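Chain IDs A, B, C, D and E follow the sequence of writing; residue 1 opens each chain.
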Amino acid sequence: MTRTNIALLVLITCVAALPLFGDAYALRLGTMACMYAIFALSWNIVGGFAGYPSFATAAFFGLGAYTTGILMNKGVPLTLSLLGSLVLCLLLAAALGAVLLRLRGHYFAIASLSLVEVFRELVNNATDLTGGGMGLNIPLVSGSSVLSDATFFFYAMWGLLLITALVVIAVSMSKLGFGLNCIRQNETASNMVGLNSTLYKAIAFGLSACFVGAAGGLYAAWVHYIDPSDVFDILYSVKPIVMALMGGLGSPLGVVCGAFVYLGLEEVVWRNYIQIHSGVLGVLIILLLLFLPHGLVSLHAGKIWRGLTGRKAKHV
Amino acid sequence: MLAIQVLINALVLGCLYACIAIGFSLVWGVLNVINLIHGSFIVLGAYLAWGAYNSLGLSPWYALLIAAPAFFVFGYLLQRLLLNRVITAPVLVTLTLTFGLDLILNNAMIYYFKADYRKLILNPPTGSISIFDVVVPVDRLIATASALALTFLLYLLLRRSKVGRAIVAVRLDRDAAVLMGVDVKSIYAIAFGLGAALAGCAGVLMALIFPISPLTSSAYLGKAFVVCVLGGLGSVSGALAGGILLALVEGVGSVYLGPAHAVTLSFVLLIIFLVVRPQGLLGRKGFE
Amino acid sequence: MPIWASNMHNGTPPVADHSMLELNGICAGYGEIQVLWGIDMAVRSGEITALIGSNGAGKTTLMRALSGLIPLTSGKYVSEGVDLSKASAAQMLAHGIVHVPEGRRLFGAMSIEDNLLMGAYSRSVSRSELNRDLDRVYTTFPKLRERRNQAAATLSGGEQQMCAIGRGLMSAPRLLMIDELSLGLSPLLVEQLVAALRQLNSEGMSILLVEQDVTTALDLCHHAYIMDMGRIVRTGQGAELLADPIIRDAYLGVLED
Amino acid sequence: TSSVASAQDVIRFGAPLPITGPLAPEAVKQQQGYDLWAEQANKAGGIDVGGKKYKVEIVYSDYQSNTPRSVQTTEQMITQDKVNFMFGPFGSGAAKAASTIAEKYKVPMLAATASSSQVYDQNYKYLFGTFTPNDTLTTPLTQLVKAKAADVKKIAILARNDLFPLAIAQEMEKSAKANGLEVVYFEKYAINTLDHSATLSQIKSLNPQWVFVTGYTNDLLLIRKQMVDQQMKAGVVTMIAGPAYQEFIESAGQSAENISSASWWHPAEQYNGKDIFGTTANFVKLFKDKYKLEPDYAHASAAVCGALFQMAIEKAGSLDRDKVRDELAKMDVVTFWGPVKFGANGQINSLEPPVFQIQAGKPVVLFPDAIKQGEFKLGVN
Amino acid sequence: MSKPGHEILHLSNVSRHFSGLKALSDVSLSVNKGEVVGLIGPNGAGKTTLVNTICGVTPASSGVVTFDGRDITRIKTYQSARLGLSRTFQIVQPFAEFSALDNVAAAALFSQPGESLKSAREAARVHLAFVGLDAQANQSAATLTLAMRKRLELAKALAMKPKLLFLDEVNAGLNSAEVERATKLIHQLAADGITIVMIEHLMKVVLNVCTRIAVLHNGKLIADGAPRDIIKDPAVVDAYLGQQYAQRNAARG
């Protein structure tokens, strides 16, 4: 295992200590942070390793949320419902991936983005099952205190993050990870050396969707009420990408750091600049892109200087 | 009768969609940048028309003459000073950059104009023409005509002019274009400026028809996406074809399936198009 | 009337010993990697000059430096009395120095004709003059006329090479630099190209070419430079080098055709 | 978020608002209502709690029109900003989601803009709302139309696919059917719809005498304009909530004429309240002085929420959340908003919402008879 | 060397169009095990397209391709690679960010089922050494010169343990001495029993290594036979070699 992967696991382990220090609100933030870290890590499988800029995170997040929500309303216990979300997203994404991942670059980005729209409208119009625009209530797991409830969901999300991280690390060291890397660099050549790129991409897309789906399910159980425009919010797709860029594309440690740093920034800005917080966030994103183009992971190396001066080997 | 009415509606609306999409398509096709700020540019253009009409009494036709150069300069500078720094970076970087820019511009508009809706009401109103039972609003007709004119101008520029060819060349192979003596940075800036100018003009025209608010920017952006893919990236005539196709699908879909499904339908169509014919209706094969 | 003379000196052939290029101690490279270590070289007006050397010697790098694609780290680069050491690609082009790069670098989605027109991008000439020049390229490479509206990316390797050279010619160069002239071309086409270059040269155009087929190169050129490890190791007249046993050993091999 | 005065003599209220995002216009209205109340309360020295005066301080935050954020910010206000009481976020969806947090922490929450019964059917103890159920708007409307326009037989209903607009459209469908009208068209439109021309052409071809549309102000403005463009005429055109808002009337101009609507409150009402604002007329005057515009029901509901909290706290004589909650549950009082009494589920059940119509550019109340200002006019061109 | 009846590749009436353009028309060709077939023809004749069609990159519009007795007309690219068909690209296609070593390792890894990354890298070293790139093993492919990338292509193709190897202009851009070295490599491969189809414009190489030559022109097969006969074939001279070449050749005897 590489040093950065070990660092990633250490980082995640440290996060587990949060309930020792924080109140319920801190736990809520922690839960959100874990959730976004799951998104960013998942996105990294298809966006970072395979180089396909996916905007489908929100689609599978929403799908997972609704699957769990509906199952729980039918009396299925939480864990089973989550498993249901996970498996459904895995299979559906793999199937869709086999078709959509024939597209490259921007075209794929748009197709994955439209998935969000299509899923949202489908859920919106399947009123009998999902409540449509009226939203869906998820039964309260009653009887627990505020803090124990918060702690439960925090650890549940954290656990999911840990599993995601382990899977991502395993992928990065495996033949699958190597293959995805090949696909990113040159797909024609990948096929030519005997790599079944359709299969690999489908697996990658499935993997990148299943944990997001499970996180969606957990989220639904946590907030008790979901509606289509909330869980199929395109920002769930955009933010993981910003996080991954901030942290450093392709590096699991980087994207998790990116997620934490981004959420921290967002929280601080949101609290302090009520009227102009999104503008301030925009400024921060731009500054980061301009001055840290290779993400936070580049900080440790001497690359910062290059990043600042923009001096790069020019290859024609 | 209903069928004819829906058809006419779709034709007119399709031209408006094309107008919304064309600058976006240009920037995407040429700079390879998905310009998320496009929707906000359109809204800004609409505010410009609204302001010019309400405070200066300037009719939207004159506002077009102001919007085009003003937005061109704005876009030009934005590209020169900011986007050019990351233009060679991967797709996602430029996308995120425009995302950040959009956050800023949209927030600024909300802050300055507030989020409530405004409406540009021409006095006297232009009304509608009706032939037999088919009705066409005059303002839409005018906007359509202007949209067609703008589209045609852009087409000429790209196809016939040297700058147009340079724009395409830069998009295809930056370094080779340098070898041809093209000043890449300024071509980028010109293309982005053109995109912005088209967005601004589209905004002026939209102000005649749709309520104005910073919040509509995402709806415009969504349409631009779909039209652009349906029609073919960077293709001017494609944008027109894509716009009309989208409007037709939406119109027919909303009559037969209900308006809520019209949107779903358009996105399903989009995905199908992407998978079977990524180059779009009129896009040329071999692109990307 | 010279064919490619749109901006040549009133049709009178330039004085033969006048230097088109004069390089003095040129160094260049990519980032931290230095590739060229002090190149001294002269390309005389109206001559064909060949640059040969083994793979990785730095020929392509030198051409890139000469056309302004990569900056010089040191050295002096003068062309006809004008110092171009710091000039940009556009300035080089304005000076009449045109580079047909290795790997063709065509505009893939553009038609052949648009590619050719791009070659004339930095010239300010009338449309009719452009058409005349286009016609000449098409006469030199009839295949291109046949396919004028086909996207360049879908051309075969050889067709792309023709298009690239055609594009270079459209810039009305005074010095045409061609990297890997015969790469991937059929023998017949190489023959035709060589003839075309001779013709161009006889009309006064200076040519600097990189060519792996040493026999063809030395046969064609007036003057040749041999590069190794980023340095010029030998220079002389083509025929003279062809007879040099050391050269024969290193570059010609024993395969006979 | 806010300047912290000495913590002793301040009561802090949390108000999550959708300051950015699609609901932003609503945030402005709510904030204006809350601010007006806070200003009045503080001008009078503050809220009297067992003889001691407490200043009112409202902590605002932006939940970006995003329901999860509204939940997050509610929790943040309760645990971090230590607010004493909560106002609900805008609309039914967010109020419903955020109320679970208030319930968990046992903080009384007054929702100013949540009408759908689904919000209250969770039987939470700490949630109260000042909007009556949706059918209290549609029933009087239908009856009025039945009474005044006997030839209205066919109705077309077009609703935004969103919690509140959809719920109210469904109520309309029910009450239309109950009153013997034929519903010839009932469809939802997607949230970001940019153009309605095909839908309207279809409705036109069905020749309904009553067109009933729900949506946000921008939707309604757009639909109204396209109706005019399509030269669509109908005996009755009802839009909810558009005509209740001044900005709709202004932007729609001539085309707003004769459009009918119903809402929970109207400035023409004439209540004589026990709350800090007293009469409805006084509230309208104070509001106009401060903001130079005519208040609508959204402004008023926000203000009355503050006034209700004030009354409950003063009556409880304590800041204890449970005591204040009990006072709210027991409340039975007249305010400038109307008589206030909450049902067992927390939703108000004492209001009789007015029906009104735009006539000569002004909203004119048609029902209830007590405050009636004019007669129902037929024909919308 | 060729054993009749031991046919490894067979094309019957293969055609391929690109929207109107007929890049290949009715090409029938067979290759026997152990042969080194030269495929020549003017630029744009359809040579690369032929290889692409056989490997499944641009499947045939009509016609049948069989490999080792198996119909592979509609095969996916990656499947053909696993069957033992490998090729080099005329326009080189490296994994630009990978080191030369990983480039070759990828080929070894994915073409053989059950290969591990570690053993693939070991195998890659051998192949890199074979093409003389061992010194550049850890250099990223983007920084290699064109000639090196060509050799890298060859190493990748070899790492796939091919039965049938297509070489698309591997010698282009090499100088004579290097061509000579490459020729030796090809001889060695042929000696190892790999069947080779090479596309080449350097006639001296073609004549030196090929046991048979097939000539394409405008998508049609215009000649197929022994090298000696082919270079005298007037149709080939006209379309491809040129009169000058023919004269020189004749002069040499």
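Definition applied: contacts are C-beta pairs under 8 Å (C-beta built on N, C-alpha and C of every residue); 3 or more make two chains touch, one makes a residue touch a chain.
Here the structure is a predicted model, which means the values were calculated and not measured.
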Shared interface partners, meaning chains that touch chain A and chain D: B
Steps needed, at minimum, to go from chain A to chain E via contacts: 1
Label of the chain whose CA centroid is most distant from the centroid of chain A: C
Whole-Å gap separating chain B and chain D, where each centre is the average of the chain's CA atoms: 36
Rounded Å distance between chain B and chain E, as computed from the means of their C-alpha atoms: 48
Centre-of-Cα separation between chain E and chain D, whole angstrom: 76
Between chain B and chain A, distance of the C-alpha-averaged centres to the nearest whole Å: 31
For chain C, residues contacting two or more additional chains: 30, 33, 69, 101, 105, 154
Numbers and ranges of chain B residues touching at least 2 other chains: 107, 175, 222, 260, 263-264, 285, 288
Shared-contact residues (touching 2 or more other chains) in chain D: 20, 161, 188, 190
Chain E partner contacts - residues on chain C that touch it in the complex: 30, 33, 52-56, 60, 102-103, 143, 150, 154-159, 161-162, 180, 183-192, 212-215, 250-257
Complex contact set, residues of chain E against chain C: 18, 21, 40-45, 48, 90-91, 143, 145-148, 169, 172-180, 183, 201, 203-205, 207-208, 239-242, 244-245
Complex interface listing, chain B residues touching chain C: 162, 165-166, 168-169, 172-173, 175-183, 284-288
Contacting residues of chain E [partner chain A, same complex]: 55, 57, 76-78, 81-82, 86-87, 89, 93-98, 106-107, 109-112, 116-117, 142-143, 156, 159-160
Residue ranges of chain A touching chain B (in the complex, touch as defined): 47, 53, 99-100, 102-107, 109-111, 113-115, 117-118, 121-122, 124-125, 238, 241-242, 245, 249, 275-279, 281-286, 289-290, 293, 310, 316
